[in-house]
Amino acid sequence: MATTTRTLEVELATQSLGPNGELRRVPLTATPDGVVMPIDLPPGTEPDMGSERMLINIGPQHPATHGVLRLVLELDGETVVRCIPHIGYLHCGFEKIGEYRQYNQIIPWTDREDYLNSMGNNISYALSAERLFGIEITPRCTVLRVIAMELSRIISHLVWLGTTAIDMGAFTPFLWTFQERETVYNLWESWVGARLTTSASRIGGMAADLPSGWIDGLKAFLRSLPKTLDETDRMLTRNGIWVGRTVGLGVMSASEAINYGLSGPMLRASGVAYDVRKDVPYLDYETYDWDIAVGTKGDVYDRYLVRMEEMRQSIRIIEQALQRLPDGPINVDDPRVILPAKSKATSEMESMIHHFKLVMEGPRPPIGECYVATESPKGEKGYYLVSDGTSKPVRWRIRPPAFVNLSAISKMAEGHLLSDVIAINASIDIVMGEIDR
Amino acid sequence: MGLTPATKPSLVSYDPPSQDGWVTTRLEFLVNWGRANSLWPMPFGTACCAIEFMATAASRFDLARFGMERMSYSPRQADVLICAGRVPFKLAPVIRRIYEQMPQPKWVISMGACASSGGMFDNYAVVQGIDTIIPVDVYVPGCPPRPEALIHGIMMLQDKVRQQRSISDQQQYEEITIDPSSRFYIPAAQIDELSEPFGNSVHQTRSAP
Amino acid sequence: MSVVIPGAALPHGTPDPVTPRQIPHRGGEANPSVEALRAQFGEVIGRHDVMWGETCVWIDAARIRDVVLWLRDDPSQQYDYLVDVTAVEHRDLDLPMEMVWHLRSLPYRRFLRIKASLPMAAELEVPSIEPVYKAANWLEREVFDMFGIRFAGHSDLRRILLWDSYAEGFPLRKDFPLRGRFSRSEQLSQALSANPEAKYSMEELSIADAFHELPADMRARLGGTSTGEG
Amino acid sequence: MGLQAYLPVLMLIGFVLLNAAIIIGLSQWAMRRRPTTVKLEAYESGIPVLGDARERFSVKFYLVAMLFIVFDIETVFLIPWGTAFKRLSCTGAVIDGLCTGATSFFGLGEMLVFMAILAVGLTYVWRKGALQWD
């Protein structure tokens, strides 16, 4: 998209920041008749009078930005000439708070960061903390965690499907998907007590074991979900408006997608069959029989198909996991991290001291660092923990998949129409809590 | 709900304190009834509470029963600003500007612990309660508040709207003037006092063990 | 449209990866790329260790771009996926600050962590790897925003999470208090009273200026070289 | 007698104007304006606006508007023709809905000629590519 001289080929990259981060402006030189000429443009060049450009804000408070993302678009009529994303409107200092909390106290933070996939984040953090402690979890806990992560993937894709359909004018899928999501809310609530901010995992186990009747509730959900998926599929997949608005939009080729660091459905839609569950397996994912959905062209329509197929594969995984769910303890009996049973803690003296010491000081990992990647609905979600032996981490780094996926939006959006930018932004499945941390 | 006796929800009865004319009280009753049952919310949804707000607006906890299913994303047509989620300092001028651009009569519901008091985010980046920036009518506790809790907050707001003397007392709708230098509604000392850490959050700033 | 299969470059018989069990705290066999790096770059590569099954290589910070470029383009390495760029500052301040790069090779299914230590006294400056990986653009901007480490050769180094005229410094540094340096009312008043152009980057202001859309007072403030505060 | 025939239309116009006057008048009377500087500024997702919307737009928007007006008026002419169709295509007088003379194709033919002329215009515009958007 060649920018005309009217768009002022001034140094668009701003090295204009002072040593401690305050803004230094690049001075603009204006010729006598008020035409602003860039510094190094030879004088006398006649700016061609293209049609006027308009700068508009699809700003923090906008129904189509899925949270508080702000896109500044330079429009030529209806075509987007340049798309400049501004993020940080939900920056709440997660990583800073992580250095002031014990390892088990960070778990409530993980489900407020990517609040659509809260159970998945809890377990992903627990996995990286357990590797930092060098703990192997019990078989029952492994299978339970697989069920929880796949269910969390399904409900995250359901919210994405509902809100993307609203962005393109179809309101009813939003009500269907939230109806399904309410059933999963009931399952979470009966298991952990909270609908959205579950904080379900602990280092070395889970907060609680399944209540009775939970498996039947899950089986009922697994019967009703495919019906909703088929209904939405019948409504959207071959719908003329949907196809017309999504095919050929925001195309990313395979090599570009890898270089931009995309991950998850964004990467697989561009034809790269990389899934953390298959390539860097955890929780025995390699023993389940399921396959990855891979797109071909890498446009918004392929991302929609990949996510719909992923939900069906998640159902397959959950059904296999339900068959192999073993009995047995849910917490590993490692006194460094797991509290003694309540009955022993109130009756025996050293259990009480152990309970008090563990709660007051928190578990202490050996000195070291580790990075564990898991497949979150947005992409490769990883927690990089650095410990210096004390009970509070030195560094709690969240590898945000949606943050890296969103960094490619200006490449995807430029050249399309204004309404296509909304569709492309919805296809990236952004959650601002995770992007701004 | 818990400790204080529940306020008597006055759906129909209306007893104006002073002896206004019969016409103005009936007209006020009609205006308040109209406003209370058709509050158009402006969902200022930032974080997890926004997802719970969507669940409240969806078909199971249907907000349409309270006349609020018509979401208005522009402040020009909004009656209630529902701040669902935490507000960082970078977002403070945005929510302040949107509140100022809403026409009177306007109300604010602060949904969730993070909007009401900064919640668990007692750090450098988050506003410790949006009541330091904009006047708030109803605080809904919870993290995130259950849809029933939000609906209870909305019903409390409807009670407040029903009891307002909308025609006879025009002063209550005057726009609050900003102190031009610091652009605050309330004095800076009060903001510092409101944002003081409380409870066990007082000594959470030790990074070492 | 051919599908890119990770692990394609591995010899045909290699088994599929499995969930790692009983990972040793230290030791364990290192990533073959370490020897290749030593052969290629010699003394630029410092020590390496294997922590919880992940190989970590220490290098000289100034040569990061050539190392990463070679790792990506060499047919025997093919580290084509940049996972993360971040920094770590330890609690006792005489330990230097560490830059951390996480790389992944999709064809060879390998994971490598590259570290470089930056002495605190010196100017925190590291060559940017944005020319090698486009993903590094925002990741490096965030490390600059949170730690104050400048990246030489970055196309658009600005603050990404906090607003450009944020005056309290760099939040993730250990000397930065948890609740910020200023009082709450001061933070709030600075956030609320920022001038309108503080909300736009230089790029948008120059575009608007090219079309004579800048209001007079903003143009006056911008015309001079004073900061956006005015 | 002539006015009598137009009574329904005039009542309709009167009611419409009365309705509009009531709505606007009542709200003007009851409303109290409380303008503040920020409230009068433009709303753009909560961010101060840069530049204004009065821009010179490319000509294709104007072109599409003109095409719409042409074919919209074509449909407007269809309506009176439809009401008078029975009288047009009946040689004799129409008595309470029945045609006394022989039916002729005049009514239909007349409209087909009208449509054909506009169809020529449409094909010209279509081939020239004015309907192609980008």
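Per-chain numbering from 1; labels A, B, C and D assigned in written order.
Just so it is clear, a contact is a pair of C-beta atoms (placed from the backbone, for glycine too) under 8 Å apart; a residue touches a chain by one contact, two chains touch by 3 or more.
Keep in mind that what you see is a predicted model, and the values were worked out from it rather than measured.
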Selected pair, greater C-beta contact count between B-D and C-D: B-D
Gap in Å, rounded to a whole number, between the CA centres of chain D and chain C: 59
CA centroid of chain B to CA centroid of chain D, Å: 44
Centroid spacing, where centroids are CA-atom means, of chain B and chain C in whole angstrom: 40
Between chain A and chain B, centroid-to-centroid distance (C-alpha), Å: 30
Touching two or more other chains - residue numbers and ranges from chain A: 52-53, 55, 59-62, 88, 91, 93, 96-97, 99-100, 390, 436
Where chain C touches two or more other chains, by residue: 91, 162-163, 171, 174, 176, 178, 199-200, 204, 208, 211, 213
Sites on chain D at which at least two other chains make contact: 45-48, 50-51
Topology of the chain contact graph, where touching chains are joined (line, ring, star, complete, other): complete
Touching residues on chain B, where the partner in the complex is chain A: 44-48, 50-52, 54-55, 58-60, 71, 73, 85-86, 88, 90-91, 94-95, 98, 120-121, 123-126, 143-144, 146, 204-209
For the chain D and chain C complex, residues of the former touching the latter: 47-48, 50-52
List of chain D residues in touch with chain B within their complex: 32, 34, 36, 38-39, 41, 43, 45-48
Residues on chain A engaged by chain D in the complex (per definition of touch): 51-62, 70, 76-77, 79, 417
In the complex with chain D, residue positions of chain B that touch it: 74-76, 93-95, 97-98, 100-101, 103-104, 170, 173-175
